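Note that chain A is present in both complexes that follow, paired respectively with chain B and with chain C.
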Partner chain A sequence: MSRLAKLLGLLVAARTALRAAAGRSAPPPVTVESDVDPRRRVVPSSRRAEGVVALLLLIAALFAFAFPVIYIVSSGDTQLLGVALGGALLLLAVACIVAGKFVVPQETAVEDRGPLLVEEQTEEVIELIEAGGQGISRRAILLGAGGAAGAALLTAAATPLASLGPTLSALHETPWARGVRLVDDEGRPYLADEIQIGSCYTALPEGKDAESFGAGLLVVRLPAGFIHLPAARRDWAPHGILAYSKICPHAGCAISLYRYPTYAPTSQEPAFTCPCHYSTFLPGEGGRVIFGPAGRALPQLPLMIDAEGYLRAAAKFHEDIGPSWWGVHRAQS
Partner chain B sequence: MKRALRRWLTHRSRIPPALRLSLAVVLATMAVVGLVAPTSEGQSSTSATAGGPLPEPNSPTKSPEPPGAGNPTRSFPDSPALRAQGFTLYQASCSSCHGIALQGTPRVAPSLRGVGAGPVDFYLSTGRMPLEQPREEPQRNSPAFTREQIDALIAYVASFGGPAAPTADPADGNLALGFRKFTLNCAGCHQIVARGGITVGAQAPDLQEATPQQIAEAVRMGPYLMPHFDSRQLDQQDLDSIARYVLWTRHPDNSGGWAIYNIGPIPEGMVAWFIGLAALVLVARLIGERMDEPV
Partner chain C sequence: MNVVERYAHRRFERASRTAEQRVGMAAGIRWALRYVFPDHWSFLLGEIALYSFMVLVGTGIFLTLYYVPSDAQVVYHGSYPLLQGTQMSEAYRSVLGLSLNVPAGLLFRQVHHWAADVFIGAIVLHLVRVFFTGAYRKPRDLNYFIGLTMLMLAILEGFAGYSLGDDLLSGMGLAIAYSVAMSIPFVGGQLATLIWGGPFPGSNTFLARLEIVHVLLIPVALAGLITIHLTIIMRQHHSQFPGPGRRERNVVGTPMWPAYALRSIGLLFAVAGVLFLLGGLIQINPIWQWGPYHPYLSENGAQPDWYIGWLIGALRLMPNWELVIAGRTVIPNPFWGGAAFPLVVFGVLFAWPAIERRITRDARRHDLLDRPRDRPIRTAVGAAFLSWVVIVFAVGSTDRIFYRLGIPYTTQIHVWRVGVWVIPLVVFFATRSACRSLQRSGAHPLRAWEGNVVRRRPDGGLEVLGDSPDRIVPPATEAPVGTVPGQE
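And now, the complex of A and B:
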């Protein structure tokens, strides 16, 4: 990095020094009123420059040809492949620059541009437009009819909007429903007793497709002191065990950061954080957003514990999960 | 007053009637929608239920997980003389916050009774304790004590009970399994090649200096804001494999060239942008030079 920066700096410095030695000053700005005709055409016809361009092109061809050779011989060493292709492109560019500057004719051309606004012409145009309405007596009727036609046409153009896209009912459904058991990524069902305070568990629906929309859950257990759920959700967290959708309601990333304090009075409260944009949600308060771009709370899944002590969903999600869009902005918290 | 009101109500507006009518329709629609539509999240009121109290104000909110039945543990030296030395060191360096009898201080520091040897070894051998201020975030530092002093403190604190210290042997681990488990459980905070990162409210340290022993202790205890992992989530084989993977991340296979400390695609892209852009501007300036004089 620093070597490259130094090289660039050295190039600029060298060029400045050369120009100063040659005693060249910056060219004067071209003035519009100048009487000097800027048009000129220079035909360099330099055999030496042509030779240089030809040589550069041939070396570029050599580099480009080296690419497939390296690909076959060294079984795809990325560094060598990069040098071959990059060198070919670079030499091609240099050849173009040299050709553009020293081989083809150098021409400065001038194109005339007419005046932008002529007063008399404007008046002529207005007269022309007014003359177009001569002899019309029922102006209002015509205007009304024209308006109706325009409005009808606009309506017709907008009608196809009604059949845009498929119905998105699948987005409102997840595999979770009352009685579905929570299992881990190897299919073992979770016992409520196994959920420890201070750990975070990923749960999937038993017997359902783990890849389906909304399958992933975050499961944590919190002590009562951290749980402040709305009254309507009082039964959703048996024994302090809470489940939330793993999909961030901002951009749909999988939430994978969980923080839990070793000693609560001197650090932060428990929270989920999304690794993409750091939206942070409080599991103890119904997934409330306390930081980041998420526009709504993390959807919570009501839980229950069955007679054998396994964790099961007590109901389906009460709101849509996943990133928010125009139809999904409901939040119950 | 009355006349002014009447004039205001009856005088002819300069706005054409058609425009006035459409404006009225739009305003009426907005009013109806506003009245009928449900309140948005920000406006809705919630009634929070009052939760019970947190555990005792000076007991830790998260206690270390035992290594799991049948799993190897690390034993530290122990003797009455060592415990006595540990007692002296504890009183001098730890008791002002954690209490003279390890009972902790409410709202300052947790009790150390029953934490066992693992957390003591972790916090002292990584130099995270002692802290200058109780509210400071513990960060990796050069240890304040020698190995012998740390062993003395471990012997003293562990004499109050607690789970045995976990351990990990990278030689028993499987690199591919470690990569998988690290990706699933650790990389969210610690970054995929263990270069660390931030979470909201804390820093996730890079793991370039962590020893396998410290990795095992951290996984089972969850230092500071890190969650802890029991042997159901990560068994001993997973733990050994994670330790092996973390050691591997110190010398990853950088076949792409310049690694930039392996901190990921964003700095790599920025380097490309800044160096590439500067080079392009320079070349454009060199070839796009104005001709000075007509020839």
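And now, the complex of A and C:
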């Protein structure tokens, strides 16, 4: 019902606007001078337009009134509330614009643009300000001392900023150390035998803060043919199981894409891809970057399998995880 | 006048006198009521930004009443079944509650989000208008710098806002922001840990810090700059396009009272109305679908709000260069796309008025706007620069293009790494020649109709009465105010 009323109101408004536009498109008054004086003032005195505006305002009032009703009756249906308030505001908008164009006097005025810089006034201001320093002989000393006081005060005021941080040493730390067991996001420890070729697992450190940046690991198992680790890392991947930091060394997103060849002769080698900027890393080659903006390899965590068959970290990370910075420890390769 | 009107008139008169006896501002009010606004649709873009800001403040106040800036981990037991029993931060839980359990909460949050997108969009379009019409020239260069500063603040403000939710999308955005902060040469580590209160995801004070930045520091700065921006405009008067009777020394248009005020208030309501319809009917940032953020989680196909797209694009497009000297990472990779690129873009924009003054040796005051075609070099430089930024922006959605159209991601990146330099050159020459041919053809004259006025004679023939009285004043027929460069 109210939608119909709104439609009607819009139609009437559109017709009024069209008529007025038609009235205005008659040829303008003829003058041969090119430099016409554009000043004019027209008083429309249109009862019809006034009626349209009044109608629009009344429908707007209906819409606005509907808002509290909907709020109470439907306990806040987002769509209805939006239509009620948005509709009321749009109707008000149309009412204002119609009133501004067809109800109130239409005037084209000319205003002079004065100069911004008025020489005498500016000079007077300069003189007034400089007169404030009349009779002062040790001007340089005063200015210098004032500057020193100001700078010292600013430094003092800015000092507490230092207590916000920084704690740079923490940037080199992760929860991983020799013996920490790999668990899933519900705390269940990973058995080495559970790690299947072709899948990718997210691991967290058992009993440590899962929210810390270095906590997340990517764990995959690769057939021997895909593993080409540097000599120093030969025993980091027991039974072909490899673990890498899940945090992209480019911009800190968690890497969540893993591709594994479905048909080896034509598919590409297994790789991790970060969904933010698509840096692509080879798990078989120590996390080497083969595409995308990452400036260093994905940090690898040495693994071991304990007597019960669970996966554990064999050591700390040998380099820093997370995005690069001035003091980042890079891998020795 | 009937009785009621006479009574209202008397009351109004008395109220005016009562107020005047205390504030004495009649002269100022008179000046404001007669203030002349030149009419052109493109002048409304700045007003749309202003009105979006008002909607942002209003809806934002509502949202702050519910937001809890805490990263404390809690288990969700709210009304949304799919997240039952999920571990999440208190901040995320508060935004979920605000969206799903507070009546009209989702409406206000979605209106707020839409308003932010419209706000920055209107500022950018306003900037484009100002650039291509030469409105940044003296005396408006100062106001142009203020506008650019507000654009930077607005982008930062929008980013801070959608980062507060601590959903998966906002957490990923913060991780990238942290990495960009870390990548600043020499001091990045200190700076980032200073802001975050420690290594990412930061100390438990971080969300409170971000909230104060979002709800107090930047909004107050924006409100102050808006006030200065408008005060300077009022002092200088609006610029205007050339047209009948329009001169460097005057301003022709509609006075503030009553017609312009009504139309502008109408625009305020229209902006607010459209934003409320958008917020009510078109879903935006459904955080319950993203889930809570944990540093070890991410989602695929994540796209930020549009005004961050150019930074994502730059980060994606950049080859993996990282400057390492003696084991020290001097320039980590995110610096190029996340910091250097926006610095270059804003640096060029800030420097442009001075560059143009130096090239044209024109330091005079300009109050008449240029048509883009009449300044082919400026227009071509602007179009090329714009295309450069827009290409980088488009690269931000290469993964969506891959998903929708199947063009391999790597191919797109390799093509755009070349295209981002070649296409702006093509755009430069194409725009310059288009401007020149438009100038020659004289097609689409500015705000006027072309042709002759004719009248039918009694014998049935037509007689020509003269040119169009709306004939435009060709540019440069009137010298700008002041004749000595550098002076008014």
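In this text, the second predicted complex is superposed on the first by the 213 of 333 C-alpha atoms of A that agree within 3 Å, B and C clash if a C-alpha of one lies under 4 Å from a C-alpha of the other, contacts with A are read in each partner's own complex, and residues count from 1 in each chain.
Everything that follows uses one rule, which is that a contact is a pair of C-beta atoms (placed from the backbone, for glycine too) under 8 Å apart; a residue touches a chain by one contact, two chains touch by 3 or more.
Only a predicted model underlies this, so the values are computations on that prediction, with no experimental measurement involved.
In the superposed model, A:133 makes contact with neither chain B nor chain C. Of the two partner chains placed by the overlay, only chain C lies in contact with A:109; chain B stays clear of it.
Touch criterion met: A:263 reaches chain B, while chain C stays clear of it. Contacts of A:97 after superposition on the shared chain: both chain B and chain C are touched. In the superposed model, A:296 makes contact with both chain B and chain C. The partner that reaches more residues of chain A, of the two candidates chain B and chain C, is C. In the superposed model, A:160 makes contact with neither chain B nor chain C. Using the contact criterion defined above for the overlaid structures, shared-chain residue A:231 touches chain B, although it does not reach chain C. When the two structures are aligned on the shared chain, A:325 is found in touch with chain C, with no touch to chain B. Overlaid on A, the two complexes show chain B and chain C touching the same residues of chain A, namely 27, 36, 38, 78-79, 97, 100-101, 106, 108, 185, 202, 256-257, 275, 278, 291-292, 295-296, 330. Those residues of chain A lying in contact with chain C across their complex are 27-39, 71, 75-76, 78-83, 85-97, 99-101, 104-113, 115-117, 161-162, 164-168, 170-171, 173, 185, 202, 204, 210-213, 215-216, 246-247, 250-257, 274-279, 289, 291-296, 322-328, 330.
Of all the residues in chain C, the ones that touch chain A in their complex are 34-36, 71, 73, 102-107, 110-111, 139, 172, 175-176, 178-180, 182-183, 185-201, 209, 235-237, 243-246, 248-255, 258-263, 265-270, 272-281, 294-302, 312, 315-316, 318-322, 324, 327-330, 332-334, 337-338, 365, 367, 399, 409-410, 413, 453, 465-467, 469-471, 473, 481, 487-488.
By the touch criterion stated above, chain B contacts chain A in their complex at residues 38, 40-41, 44, 46-55, 57, 60-63, 65, 106-110, 134-135, 137, 184, 187-189, 198-202, 221-230, 232-233, 255-257, 271, 275, 278-279, 282, 286-287, 290-292, 294-295. Note for the complex: chain A touches chain B at residues 1, 4, 8, 11-12, 15, 24, 27, 36, 38, 40, 42, 78-79, 97, 100-101, 106, 108, 185, 194, 196-202, 223-231, 234, 256-268, 271, 273, 275, 278, 280, 284-286, 291-292, 295-297, 329-331, 333.
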